[in-house]
Amino acid sequence: MPARMNTSDIRLHARGLSKTFVLHTQGGVHIPVFDGIELKVASGECVCLHGPSGAGKSTLLRSLYANYKPDAGEIRVRHDGTMIDLLMVEPWEVVEIRRRTIGYVSQFLRVIPRVPTLDIVAEPAIVNGVASGEAHAAARTLLSRLRIPERLWSLAPATFSGGEQQRVNIARGFIVDYPVLLLDEPTASLDAANRQTVIELINEAKARGTAIFGIFHDEEVREAVADRLFEVGKQPLRKTRLSATAAEAAARCQPLLLRPVTTSITRRQRNTR
Amino acid sequence: MTALRKLAPRQALLEVSGVSKSYGGQVGCVDVSFAIYPGEVLGVVGESGSGKSTLLACLSGRLAPDAGAIVYDMNDRGPVDILSLSEPERRRLARTDWGIVHQNPRDGLRMDVSAGGNIGERPMAIGARHYGNLRTEAQDWLEKVEIDLARTDDKPRTFSGGMQQRLQIARNLVTKPRLVFMDEPTGGLDVSVQARLLDLLRGLVRELGIAAIIVTHDLAVVRLLADRLMVMQRGRVIEQGLTDQVLDDPHHPYTQLLASSVLQV
Amino acid sequence: MKRASTRPAQGYNFAYLDEQTKRIIRRTLLKALSIPGHQVPFGGREMPLAYGWGTGGIQVTASIIGPEDTLKVIDQGADDTTNAVSIRRFFEIVTGVATTERAEEANIIQTRHRIPETPLQEGQIIVYQVPQPEPLRKIEPRETETRKMHSYAEYGAMQVALYEDIARFGYIAKTYDYPTLVNARHLMSPSPIPKFDNPKMESSPAIQLFGAGREKRIYAVPPYTSVRSLDFDDHPFEVQKWEQCCALCGSTTSYLDEVITDDNGGHMFVCSDTDFCNTRQREQAQAGEADDSAPPTALAATEIPS
């Protein structure tokens, strides 16, 4: 069953998106990553970015968060009821859009050292104007659901295991009800029980109308949450202008071109079960 | 197709255009332009001698640039070129609506005056004359910057480096400035103390909606504190944008070198 | 007590200084009077007296004094201490003017560290000897900076100094050279007079002139000008109080000096203003002669057995 695809409900829309890295420290090598990306994600829809490892999926995801800067194209985001091109606005506007509209759960937790976990999780809610007590209560709920033992909440996550850090990161991403959510392998190092919790969190977000675009390597998770696959894969290099020395560097770097191949609809097993 | 629209335009708090300063033949900074909005934190990075400190001195009114305009949105008068202000007006601005946190606390604190007196100086300078209220306010701020109230009457020379820096921050923020200039705020501190100070600064800046310009050579500091980053080399701004964008996807050769030179712990 | 005018000594210009110098200083004084409390630099001259002994005050007095004037000189309130005696004799020699110990008889009073207890009147000029004219100096050592602080009326730092006193002692511990704000504008050192005398400067009918010889600064307060002592709303300015009265004249309203009388801890409190004290004692003696039933004039010195 296809997901709701109402054009007026499009929350994230990338058009003609291209990205090439130029590595000045490595002889000026040009590494094209993707070209002419077309992508739409609607409210309540979860699109899975799918392709082989190293295909530049994270680069695309980061570009959609304006963490990487594409060379051409548009990234339109519905912010306060208006479509805004992330690549055209001032940095403060990006900050504002990220604060309220686009959430991003990265693979690695990057926070100020020595800050208690509970505060780290509550912070995105607090900067969105939620009262401190309420934000902390929400943080407690999320941490409990993600099975972070309560005795760890007052500690900084630096000494946590990889899986614990990732769950803290997930809690941070889900504490605010972002209209658009970007997920970079949120379940990579989680056990079955926690994977199930993340699946629940994602589906709850979808039910609230969140547009989700993410990388899910785990097939079980993908099956459970994704409405569509956005397939990317290896393609022959195109439009590269390599100098003699840069060619060597390029060989070392294994540049990969990411292009949309197909946009297929996955079986909605969860819904039909 | 939905029409694209920008967000509602905002009045910049500080708008800098074409600011240049040279010392004889020596380049300080060249043609620097940028704007900072209320509540925004701007990081300025670059190696020693790249013009960061010259720029900061020009912006904060301590040094007159050779060319350019620095327009500040004053509380009571709207946007004004600070270079056109008289010296007393500029000094008044600097001790009420602005804060300056120096790298060396000695430059920003009165070392012979108690912690409470240091915090009380700005309010007293603008007319506060009630000892009890001054003291209460000073202690509120000591709590905010996590200094034991038992140290209220101690002189900062008996404080550790981290405490001195926190006191300097309290002394500056007590008048609720809208713009704070920070020159290597974590520069002389132990790594263990840096983290706490960074967290404190971030919390205060967010809580009070303060805009800040932070000059540093420490990329970790700007990643954690700054919304936006400006990279300087030989007096010029060579790249600027969102902090994570500049650090994770640097375009200029120098920025790439800088970003790739950070040791990963 | 009073010495009539005489012929000045030969070989010196009247009042020692040459007329050009006096004119320069008078011009400086006019400027100082027109900006109350503002320190005006002047080309101070070498005087036949070491710095620190009142060279600033002497130059001011020398510039304004005329043959018809009557001069009183006090040091710590007394007319008979070294500094007062030598300055008075100096002016007797170089001007021949009349001198007096009575505050109300003098039209020029040069002083070190006191203001007479007898209220000053219109037509009188009081000349203060000032060692350090800059009230901000201890807080800010840079002259360039203190000048800016004065021109922009940035006096928060002075208030900080008083704050520090309260934080440390529970009250403002400064007892002399207590900072004042003149005409609601300039911060001014009242010279090292006790803070007891500060209220006498407020709206005084007399002209108040200040000379600092070593620092080469002159400042002034014209008659009927506000001279407010700095304080806090909840720690208002207060003058010294004594439990005792003067052991000689019984005064309870004057500034008292503690005088050690022996090696056994014996001491007594007496008026620092000798003219005031002597006058009271004289009046009490006359009243005693007129009326035998009058009470004893002086109260016994408070002695604390050791």
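The letters A, B and C name the chains in turn, as written, and every chain counts its residues from 1.
Quick note on the criterion: contacts are C-beta pairs under 8 Å (C-beta built on N, C-alpha and C of every residue); 3 or more make two chains touch, one makes a residue touch a chain.
The shown structure was predicted, so the numbers you read here are calculated from the model rather than taken from an experiment.
Using C-alpha centres only, name the chain that sits farthest from chain A.
Following the centroid criterion, the farthest chain would be C.
Among all chains, which one's averaged Cα position is nearest the averaged Cα position of every protein chain shown?
Going by the distance between chain centres and the overall C-alpha centre, it is B.
On a C-alpha centroid basis, what's the spacing between chain A and chain B, in Å?
Once rounded, the distance between the two centres reads 32 Å.
What whole-number Å value describes the gap between the mean CA coordinates of chain A and chain C?
Chain A and chain C have C-alpha centres separated by 79 Å.
Report the inter-centroid distance (CA atoms only) between chain B and chain C in whole Å.
48
Quick one: which bits of chain A touch chain B in the complex? Just the residue numbers, please.
On the chain A side, the touching residues are 21-25, 62, 66-69, 76, 79, 82-85, 88-89, 91-96, 110-115, 126-127.
In the complex, go through chain B and note every residue touching chain C.
87-88, 91-92, 110, 113-114, 116-117, 120-122, 124-126, 129-132, 134-135, 152-153
Give every residue of chain B touching chain A within the complex, in rising order.
Touch list, chain B to chain A: 2-7, 10, 37, 40, 195-196, 198-199, 202, 206, 223-224, 227-228, 241-242, 244-245, 248-249, 251-253, 256-257, 260.
With touch defined as at the start, can you tell me which chain C residues reach chain B in the complex?
Residue positions touching the partner: 148, 151-152, 154-157, 159-160, 163-164, 166-168, 231-235.
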